[in-house]
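Below are the structure tokens for one structure; questions will follow.
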Amino acid sequence: MIPAFLIEDDIKKWLKEDLPYWDITTSLVPIKSAKATIYSKQEGTVAGLFIIQKIFEIVGAKFEPLVEEGTEVETRVAIATISGKFQSLLQAERVSLNILGRLSGIATKTAKMVKLARQSNPSLRICGTRKVVPGLSKYDKYAITIGGGDTHRFNLSDMILLKENHLAAFDSIAEAISLAKEKTSFSKKIELEVQNEKEAIEAAKSGADIIMLDNFSPEEVKHAIPKIREFNPDVLVELSGNITLENLQQYTLKGVNLISSGSLTHSVENFDFTMLIE
Amino acid sequence: MIPAFLIEDDIKKWLKEDLPYWDITTSLVPIKSAKATIYSKQEGTVAGLFIIQKIFEIVGAKFEPLVEEGTEVETRVAIATISGKFQSLLQAERVSLNILGRLSGIATKTAKMVKLARQSNPSLRICGTRKVVPGLSKYDKYAITIGGGDTHRFNLSDMILLKENHLAAFDSIAEAISLAKEKTSFSKKIELEVQNEKEAIEAAKSGADIIMLDNFSPEEVKHAIPKIREFNPDVLVELSGNITLENLQQYTLKGVNLISSGSLTHSVENFDFTMLIE
Amino acid sequence: MIPAFLIEDDIKKWLKEDLPYWDITTSLVPIKSAKATIYSKQEGTVAGLFIIQKIFEIVGAKFEPLVEEGTEVETRVAIATISGKFQSLLQAERVSLNILGRLSGIATKTAKMVKLARQSNPSLRICGTRKVVPGLSKYDKYAITIGGGDTHRFNLSDMILLKENHLAAFDSIAEAISLAKEKTSFSKKIELEVQNEKEAIEAAKSGADIIMLDNFSPEEVKHAIPKIREFNPDVLVELSGNITLENLQQYTLKGVNLISSGSLTHSVENFDFTMLIE
Amino acid sequence: MIPAFLIEDDIKKWLKEDLPYWDITTSLVPIKSAKATIYSKQEGTVAGLFIIQKIFEIVGAKFEPLVEEGTEVETRVAIATISGKFQSLLQAERVSLNILGRLSGIATKTAKMVKLARQSNPSLRICGTRKVVPGLSKYDKYAITIGGGDTHRFNLSDMILLKENHLAAFDSIAEAISLAKEKTSFSKKIELEVQNEKEAIEAAKSGADIIMLDNFSPEEVKHAIPKIREFNPDVLVELSGNITLENLQQYTLKGVNLISSGSLTHSVENFDFTMLIE
Amino acid sequence: MIPAFLIEDDIKKWLKEDLPYWDITTSLVPIKSAKATIYSKQEGTVAGLFIIQKIFEIVGAKFEPLVEEGTEVETRVAIATISGKFQSLLQAERVSLNILGRLSGIATKTAKMVKLARQSNPSLRICGTRKVVPGLSKYDKYAITIGGGDTHRFNLSDMILLKENHLAAFDSIAEAISLAKEKTSFSKKIELEVQNEKEAIEAAKSGADIIMLDNFSPEEVKHAIPKIREFNPDVLVELSGNITLENLQQYTLKGVNLISSGSLTHSVENFDFTMLIE
Amino acid sequence: MIPAFLIEDDIKKWLKEDLPYWDITTSLVPIKSAKATIYSKQEGTVAGLFIIQKIFEIVGAKFEPLVEEGTEVETRVAIATISGKFQSLLQAERVSLNILGRLSGIATKTAKMVKLARQSNPSLRICGTRKVVPGLSKYDKYAITIGGGDTHRFNLSDMILLKENHLAAFDSIAEAISLAKEKTSFSKKIELEVQNEKEAIEAAKSGADIIMLDNFSPEEVKHAIPKIREFNPDVLVELSGNITLENLQQYTLKGVNLISSGSLTHSVENFDFTMLIE
């Protein structure tokens, strides 16, 4: 989905970071050809293949993916083969595995949460947040998609999300939403974060597109949802607040549309890959 | 240590990523002043304060750190106060907490490993690797330092590190090291990764500055070190290969100088901070 | 709304374009102080004051706006005063008036269309398109807002807009919208461009958020709208296709929510300002 | 003339502006091949074909121009064909037509003015000004050339142009020109803007290369030119000040060498093209 | 002359080059204040003070120039004082002296050539060429100016310079110049490089603004100039071709207007400065 | 050694500097093909061929090197042939020869110093310094390598180098080195600059990796070296301080390991090449 023609500058920046002058180790080795294979060293969902394809192409190597983007692989599966100059392969290896490991780590955790969530609530969406690594927002969001998750808003220009701090500037939730509708482009959705059921009901009445129940306990969620839907059957309900893979199942309740989890991108467990040279 | 005058471009890139047009939510709120405080929501080591100071200054706010960089804080400690336009505070919040959370996460894990390692081997150093997030190498390495760790080489131009793949191009370890000494600047150290004790001894004989025992079991380490030191008492010995906080204590053996762990930067657990507006 | 702290790089790029080496004319004049005033030379809506404020600040001058952003001014109104080095004022003059003239030109035309449209349909929104000048999208969209218009989607990542070409890849409009809902983030709205009333009705049935009637005649619009609303009373209806200030009044029909016009940004008539030095 | 190898960075910036994450609409459509044709929807002069060729090549498509740069086309003429991935074509379409439409708009208006001017004064040149769109100076100037116009100076480092404000710093026009000749590279021409005939004569005596009669009425021009030429038969005479296509014919007087018009680039009427997919 | 507000990006690039991570040496020293003075260690012309002022300001130090830009100084003259953090001073020292040393080296050699040339030909100009260091064109050209020289054309967009290779594409010199006049903006001068007197005369007849006698011997120059002036008394005559400080006096002949020397910028002898910390 | 895939951005920056708009001279010539050959016009060591290969490839020409990088050539040797558009060849010529001339100039001087030094001390290394041209550090250092020299530290993040100013902050040399060892990564070497023999001995005792004798006379060097080696037989000894090709032989004394010379890069004599078009 990310247009590959637009990631070259990022890749060059990453490569330059690791090669500010030149690779003083491979410079010792005579120029020669080599072949390499990238293997998974764990189970999970692969994300970022098209990026490392571009990395290896930029260093002049030939890259053949052996699995499709988004494939759920077992341990020790060959993911891709690469051929080119020995030097180029080693110079691209670390950067490639760093980005592939991060994105596959995000996709893998997302896929696990999606799977778990849909066991009890088949239409529930697992969503990311803006808690991404600075500089990698596009890539982190993309990896969530590959894991079957929902990107949530990309950035502050992308959707209205009125939180407690914003609401304090208005007389009422109704006033805030009314102003948002008037002042914001028709192309934008309006979400409201609420702290309690009373606010949730007010939001539902006022015509928000999405209501985020912030740090509601499962009991509170169960109680609030029918009330919300009474006033607005179409409104989407999002749960948020330290929901992780570990405690997810308490929140996959009926009527919940969306669960967002910052941990998908702020606390990534790297997916372990290795590149073996023949 | 990172010169603050050189991070402005990175910060602007991060802010633009989250603000490609403008913040459509805070645009609804009349311009007003606000004060905010950043609190820790967990225990750990704070890293990155000077960065978020710069972020808030760039958006026109005033930033007062309340703890020093590298402080080990408890939960619910006020880390810094900020005053400025309400809009500016909210526009800088997410990016600030994202970088502060990552770097403090790295520093916190590093500090834990350092503390644990030094219980049994007081001179042991915990080292990072090149398994950083693309684009953040400088920051990830810095956070390791703040946690009391050793950056290891910054990049491929920084130190000779001959691995299995490189050695395959030479007749012997001795030949490889000899060439490295001849062809490389005097200013660079030479490290060699070895797969077994025999290689380790050969490396020690040949005058490597550092020998990395790759994936050696604790038993193998114990056996190899006296042999290595027999030939070169000053050589540094590094252990590497999936050593994490969990299994660290098996490797903090006598005679080991360095333990490197990719998990310090490739699998960061975000340090949880919150920014409260008064 | 555009964060002023994020436009410095654009401004420097613009200034460098006009000053690749140095200003060989003002280099002849001894360094001296000067004051200048910017005047309108026509009627219209002023947009871009905060940008030229930043430009003059970057060249080291002091800038005092005399009117607020978005003010509708008469001819010969003093817009701002500037004081600084004579050289700096002249070096910033052309770039400043170029951007101010363009953005005020966009705001002025938008404001005229909005005014005209609301005479017959008070809730109608005049919207921009993606027909902006490459490199100035953020600024062109902003100027539309200042003129009272609606930005429409910022870019291709911002909202689903299914056009004829996309629809050709699906069996039906219903299928396309259903897929869009499934595959796209909940945070995104879905708009559909239709070529005739039949498609419009199908779109309304399928749950699009917005239906764009492409090149419909006023008669066709009048006929289609009640049909559309029958199936979906809340759907927004947008008209598009060479609607300009000249022919706008034919389209400001009851039930129309949105009219988009590429001419707002693709064919801008520059707003004439002059900078006089005392 | 613009070296195509130097525009890639501009193009990528433009594409990224419209594709900050990815195209959420075409991402719904299965990857497939497509062919497209770009047609003129009006008469005029085509400018910018080599740029959109580069754009389509960057997105991986194949581009075949069907007319030459600078061709004067009728309505509904096929300008170019493109083949490639359906997704790539749609992702490049808007940016391509935006730049092609602007540059062809500039070339078309320039060509009209040139044609009209040369009816009465065959050696007259129609010139641009520095009133370009910030960021597109190189392209706007180029389009003027394609329309048969003269770029005038590219920027402030390009030619001396002494205006009223500069002259105020000198005792006399003669002193200003004398200093300019002494202090400026031999490679630069010296132009002087004058407000009345007296100044024009002084400029002619002092050895300016070009004299710009600023806001002279046609009568004043007619009166001044013989006087100027009396003192310097070779000096070029430029007219400037709100001369547009509409009032041009009043100024195409004998002896006038140059007429500059800011409207060529500050108030561009977009040239209407459409891209049809087969 | 170079606008100081436009050099910040260059400076940051230079500083980053020398500080990719952080200064590992000064990081050992506790933060403290310091004062420093920059002294000349040779005689010559100082150029680049405003640049190093900006460098020291960027690192947060205070800079006081003690001499004016362009001053001819003796050995051991205090050029500027700086106060700030010890760390900042040392981090900016090398980059500052590198650029100051280069530019002052250029200015010093230029000033020597100018002085020598004017002994025999008071109106002769010593000119640079395009033989600058890639990336520093603006600065190298500026330093020539400070040394009293003439920048010659800045770049390939700046003036027509028809050389032997270009002329080969035309039937005659007359045809080439005639086309240049027709096709090029009035704002550009036209220079022609000739290989012999016959060509020089042809060029003079055809109306070139400047004629460059390429690799003419002093005798050939003396012979050619009266012939050239016969046909065009106003044409400028430039000499070029390995003219350096050493052989300059052979060429400072009557009637020569310009002598260009690549050695001014392609073979710079660094001006030796030192920064002493109190 | 420098990865060719990472220099494209630098090259484009250099080309844009010389081609901000377009080449107004070659634009006069009809598009045609041409072949060119680059010849040496002096003796010396060629460095930078891979860079100009990339330059010519970027402008669309075909480049064939005729000698290998690092070859010592005579005068009038054909270095490379190029074929492509006449226009492209001329547009790339100056930038190519500028960088090739500088790097070959550096390599040539380095090679001369290396040759001379090794006559009396075969294991002596000639080293560069950080006195490079801002923006070209990577290239200048590379050219030193091609000339057979040693790059010395690349930048301030690369090696500890404690100078007089740093030492003033410590109680003793021993304390400084001890702190450096404790606080700095194991991967970094530690060098100390000393002003007299007493300091040199203290440094040797304290375990510095390299001792730089700053501005020692040859007699002082001879006296100090045995004392230094007494305490640390393995320490490297570097001489520094205005050692150039002219006075080198006085310093190539027994026991000296390294001689660094700023003149290698701060005062480069351009290597003269010419490009002839057939």
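To keep things simple, chains are lettered A, B, C, D, E and F as they appear, and every chain counts its residues starting from 1.
Everything that follows uses one rule, which is that a contact is a pair of C-beta atoms (placed from the backbone, for glycine too) under 8 Å apart; a residue touches a chain by one contact, two chains touch by 3 or more.
Model, not experiment: these values are computed from the prediction.
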{"item": "Chain hops separating chain F from chain C, counting only touching neighbours", "value": "2"}
{"item": "Fraction-based call for chain D against chain A, same above half, different below", "value": "different"}
{"item": "Distance between chain centroids, defined by C-alpha means - chain B, chain D (Å)", "value": "53"}
{"item": "Distance from chain E to chain C - Cα centre to Cα centre, in angstrom", "value": "45"}
{"item": "Between chain B and chain F, centroid-to-centroid distance (C-alpha), Å", "value": "31"}
{"item": "Residues within chain A bordering two or more other chains", "value": "19-23, 27, 91, 138, 151, 154, 157-159, 185, 188"}
{"item": "Pairs of chains found to touch, sorted by chain label", "value": "A-B, A-C, A-D, A-F, B-C, B-E, B-F, C-D, C-E, D-E, D-F, E-F"}
{"item": "Residue ranges of chain C in contact with chain B within the complex", "value": "1-3, 5-6, 8-9, 138, 141-142, 151, 154"}
{"item": "Interfacial residue positions of chain A with respect to chain F in the complex", "value": "12, 15-16, 19-23, 27, 58-60, 88, 91"}
{"item": "Chain A - residues contacting chain B, complex", "value": "10, 13-14, 17-30, 32, 86, 90-91, 94-95, 97-99, 101-102, 105, 130-138, 155-162, 165-166, 168-170, 176, 179-180, 183-185, 188, 262-263, 266-270, 277"}
{"item": "Residue numbers on chain C that touch chain A, as the complex places them", "value": "125, 127, 150-154, 157-159, 185-189, 191, 210, 236, 257-258"}
